[in-house]
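Alright, structures below, take your time with them.
One chain, chain A, links the two complexes that follow: it is found with chain B in the first and with chain C in the second.
Take a look at the complex of A and B:
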C-alpha cells in the first residue's frame, strides 16, 4: 500500500488527477492550520510508494485542492488567507495567479464536473460561495444565503451549472448558476454542523451529507424533507463524504474518530472500517481511473493510497 | 430565497434564546450550589465560566475566527481549551482540569451538561494522540494569570511571525524530474520537520498564545508569476459515469 509522509505538514485534502491514473495532489497545513504556511504536494504512485513530482509552498495553510478538467497541469488550491491560487505542475516558481476575494479562510474548491463547463466554485469561513472562471481576474458570481461557515462545495456530475454546499448552519443547499442568486433547494439536513457533501455519480438527484453529529444522510433533491438513507457507525464528526465513481451505491467517509469507513447506501449498512491513521482523517478521494482505489490524508501527516475490497465493483 | 431567509431567522432566534438561557441559568445554579468553602467557591467559578457569554463576546469570537482552530472542531475539547485560555486571560484564573472533573460529576449527577461528559469521553478515548491527551492539556495550560489588564485581541492568539527563517528553496529550474524534486523536497523539509514534528496541538496553541516564537515556522512570500498555463496536450477523458 503506497503511502507518503508529509513531514511537518498536516494533510487536509487529496485529489486524484482526472488525466493521470497515478497522480494525486494533497493540500496541507503547517502546525494543524493554526500557524505557519501550507504546502501543495503533487505525488505519483510508484512501485515503491508515493514520489513527489512537485512541492509548492504557500504563505498560509492550504485546506483544499482541485484539478483542472481542461488542462492536465493546472491545480487550484484553497488558502487560509482567503485566496484561491492557480498552480501549474510544470512551473515550480510559484502560482500563476492568486485570486483573493473571500475575507476569511477558503475551505473548499471544486472544478466543474460536467462537460464544456470549466468553472471553479469556492466556499469560505465568510459564509460565501464564489464561482470563478480562473482565466479571469475576478469571480463571476457570489452566492449569499448560508448563515454560517460553508465547509464544502461540489459540482454536480450530471446537472450543468449546479453545485451543492454543506454548511455550519446545518443545511445543505443546491445552487443553479443559471437561475437566480438564491439556492434552488434547501435541506435541513442535520442537527449539527455539516462538514461535507457529495453527489451520487449515477443518480442525478441523489446527494449525501456528513455531519458533526456523526451521521451520513442521503437526500433526493426532489423531495428533501426526509433523507432516503441514514448511515450510522462513525463515533465522531464526519469530515468528508465521497461517492464512488464506479458504483452508485458505494460511499467512503473520513472522520475525527481516526477512521475511514465504506458504506452501501442501498442496504444502509457499513461495509469496512479502515484504521491506518493515528489522528483526525480529513481528505478523501476516489481515483476515476482505478476502480475502488482511494487516497486519504490525515493530521498524522500520512497520505495513503489503497483499494478497499468493499469499494471495488463486482 | 424565501426559504433561505426563513431559515436564517429561525437560526438566529434559536441562537439568541439559547444564549439567554445560558445567562439566566447561572444565578439559579449558583443558588443550588450548597457546598461550603472552597468547593462552593470552585462551584461558583465554574458556573461563572459556564455562564460566560462566549457566543456574544466579540473579542472571543474575533479571536476564535482568527486562530483557525476551525469551528468544526468546536464540539470537542478544543473549544473548551480555547475558552479556558481566554477566560483565564481576560476574566479570572481558571483550572480547566479541575473544571473538567467537576463538570463530569455534574453531568453524571444531574445529566445537566451532557456536552461536558462528551468532552471527557473524547479526551480519554484519544489518549493515544498527544493532541488530545488530558495530561498534555493540563501541563500546557497556564495555572495562574498575571492580570495585566492588557486587552489582547484575538484571545492573545495570533499568527506569530517566527524569528527562525526557513531558507528559501532552491532557484529550481524546470523540474519534472522526479529525483530532483524529491531531493529538494527532502532537504527543505529535514531542516524544519525533524525537531518540530513532535510539537502537539496543545504545544502550538500555547506557543502562539504566549507570543513565543514557533520554531521552524514557514515564512515564504508567495507572489503570482502571472505566467500563462503550460499548454495542455491531453484531451479530457470520459468519466466512469459517462461511459
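Take a look at the complex of A and C:
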C-alpha cells in the first residue's frame, strides 16, 4: 500500500488527477492549519510508494485542491488567506495566478465536471460561494445564502451548471448558475454543522451529506424533506464524504474519529472501518481510473493510497 | 484563533449530539412510509383464573375493554379501524366473541373482525396478521388483540377425537405431551436444576413487585370495571387496575413446593407461569398513515421469525426464533436492550437466556409470566405493550424483542425499535 509521510505538514485534502491514473495532489498545512503556511504536493504512485513530482509552498494554509479538467498540469488550490491559486505542475516557481475575493479562509474548490464548462467554484468561511473562470481576473458570480461557513462545494457530474454546498448553517443547498442567485434546493439536512457533501455518480438526483452529528445522510433533491438513507457508525464529526465512481451504492467517509469508513447506501450498512491514521482524517478521493482505489490524508501527515475490498465493484 | 474554535466546535458538538456514541452500534434503518408501526398498546390487568376478579367476566367484556382503551388512547374514531384480528387459544366460539366485543366497544358493523390461533404466540400472530394486511394494502390501520379466559375456557380441554394413526409418528405423538412434561424434558435434557428454576422464578416475582410498586405498569394497563361473585355467590362491582399474580416470594417458599407434573421432577407451581385471565390490544398502522393522522409512533416492527422445534421440548422455541429474528433485522444479541421472553416455565426461559448468552438483567425487566400470569392468547399482545412502554420510559433509541415458545413445538420472536423521543 503506497503511502507518503510529509514532514511537518498536516493533510487537508487529496485529489486524483483526471488525466493520469497514478497522479494525485494533496493540499496541506503547517501547524495543523491553525497558523503558518501551506504546501501543495503533487505525487505519483510508484512501485516503492508515493513519489513527489512537485512540491509548492504557499504563505498560508491550503485547505483544498482541484485538478483542471482541460489541462493535465493545472491545479487550483484553496488558501487560508481567502485566495484561490492556479498552479502549473511544470512551473515550480509559484502560482500562475492568485485570485483573492473571499474575505476569509477558502475551504473548498471544485472544477466543473460537465462538458465544456471549465468553471471553478469556491466556498469560504465568509459564508459566500464564488464561481470563477480562471482565465479571467475576477469571479463570474457570487452566491449569497448560507449563514455560516461553507465547508464544501461540489459540481454535479450530470446536471450542467449545478453544484451543491454544505454549510455550518446545517443546510445543504443546490445551486444552478443558469438560474437566479438564490439556491434551487434547500435541505435542512442535519442538526449540527455539515462539513461535506457529494453527488452520486449514477443517479443525478442523489446527494450525500456528512455532519458534525456523526451521521451521513442521502438525499433525493426532488424530495428533500426526508433523507432516503442514514448511515451511522462514525464516533465523531464526519469531515468528508465521497461517492464511489465505480459503484452507485458505495460511499467512503473520513472523520475526526481517526477512521475512514466505507458504506453500502442501499442496504444502509457500514462495510469497512479503516484505521491507518493516528490523527483526524480529513481528505479523501476516489481514483476515476482504478476501480475502488482511494487516496486519503490526515493530520498525522500521512497520505495513503489503497483499495478497500468493499469499494471494488464485483 | 477562529480556526481553532471552529475545529473545537466540530469536536464538542459531536460529543453532545443525539446520543451519537450510545447508538452508534445500532444500524440505521431507513424510515419508510410503509414501516409497520405501533401507535398504541394497552392491556387489562392480568388476574388469577378461577379465583381472581375476572373469574366471572365474559371474554367479550375483557376484549371490549382493551378495544375501547386503544381507541380512546389514540383518539381514533371507531369507524376508522379497517380490520381487527384477535388472538385466542381456548374460546370455542371466539369468532362470535370477537364480533360481540367489537359491538360492545362501539365499533360499527362495517369494521370486520377475525381471530387467529398460534397457541401462546396468538397475540403476536394477530399483530403480524394485521402487519401483513397493511403490507399488502388490505387496510391502512387495524387493531391486533389477544384475549384469554382460563376461568371460562380452562386448558386441557378433552372430548375431541384423535386420529389413531398419530401414534405411528413420534413427532405427532410428542405433540400431545402436557406442557409440564415438556418443561421437565427441557430441565433434564439441558441440566436446568430445580434451584436454577426457582432462582429465575424468584427474580421474576421480585422484578414484577418492584415494577408494580414503582407504577411502571400504569402506562400499559386499562382499568376494567366488572362484576365478580364472592364466596357467598353475591355479585359485586369492582374496578380492577392491578395485576394479581405478583406475590411476596422467597427461595425457601419456592423450594417447599412439590413438582406438579412428574414424580421427582423440578417444575412446580412456583416456577411455572400462572393460569390467568386477561386481554391486550395494539393499534397497528404504517408510518405514513400514522404521520397523516398525527399519531405518535410507539414502536416500529423491524423483523419477525417463527420457527419449529421438537414438540417434546417445545420450550426451547425462543432459542431458535430469536437468532433468526435478529439475523433478519441485522442485529446481534448485544444490540437488544430489553428481551420480553415469555416465562411459560422457568426451565425453558432460563435455558433460552443461557443458550443465547443474553445478559440476565435485560430479560423481562418488569417480571414475566411467572409473576404476572400467562393468559395464553393474550400474552403476545400483552408483551408488546409491556416492552414498548418500557422502552419509551427509558427514553433513548433502543431495540427490544418479544418472544415465546408454543405448544407442539415452535418459537416466535419479533424485533421492535423504539426510535427515541423526538
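Annotations for the structure displayed:
One rule holds for everything that comes next: the second predicted complex is superposed on the first by the 314 of 314 C-alpha atoms of A that agree within 3 Å, B and C clash if a C-alpha of one lies under 4 Å from a C-alpha of the other, contacts with A are read in each partner's own complex, and residues count from 1 in each chain.
As a working rule, a contact is a pair of C-beta atoms (placed from the backbone, for glycine too) under 8 Å apart; a residue touches a chain by one contact, two chains touch by 3 or more.
All of these numbers come straight from a predicted model, not from anything done at the bench.
In the overlay built on the shared chain, the residue A:236 is in contact with chain B and with chain C. When the shared chain is aligned, chain B comes close enough to touch A:180, but chain C does not.
In the superposed pair of complexes, A:271 makes contact with neither chain B nor chain C. When the two complexes are overlaid on their common chain A, residue A:202 makes contact with chain B while staying clear of chain C. Looking at the shared chain after the overlay, A:214 reaches chain C, while chain B stays out of its contact range.
In the overlay built on the shared chain, the residue A:33 is in contact with chain B and with chain C. Chain A is touched at more residues by one of its partners, and among chain B and chain C that partner is B.
When the two complexes are overlaid on their common chain A, residue A:191 makes contact with chain C while staying clear of chain B.
When the two complexes are overlaid on their common chain A, residue A:290 makes contact with neither chain B nor chain C. In the superposition on chain A, A:312 makes contact with neither chain B nor chain C.
Across the superposed pair, chain B and chain C both touch chain A at residues 33-35, 80, 105, 125, 149, 192-193, 195, 212, 235-237, 256. Partner chain B is touched in their complex by these residues of chain A: 7-8, 18-19, 30-39, 44, 51-55, 57-59, 61, 69-74, 80, 85-86, 88-98, 104-105, 113, 115, 125, 145, 147-149, 151, 157-158, 168-171, 173, 180-183, 186, 188, 192-193, 195, 201-202, 212, 235-237, 239, 245-246, 256, 258, 278-279, 288-289, 291, 299, 301. Contact residues of chain B toward chain A in the complex are 1, 3-4, 7-8, 11-12, 65, 67-73, 75-76, 122, 125, 128-129, 131, 159-160, 169, 172-176, 178, 181-182, 184-185, 188-190, 192-193, 196-197, 199, 201, 204-205, 207-208, 214, 216-234, 236-237, 239-242. The residues of chain C lying in touch with chain A in their complex are 2-4, 6-7, 9-11, 13-14, 17-18, 20-21, 23-24, 26-31, 330.
Looking at the complex, you find that chain A touches chain C at residues 33-35, 80, 105, 125, 149, 191-193, 195, 212-215, 226, 228-237, 256, 268-269.
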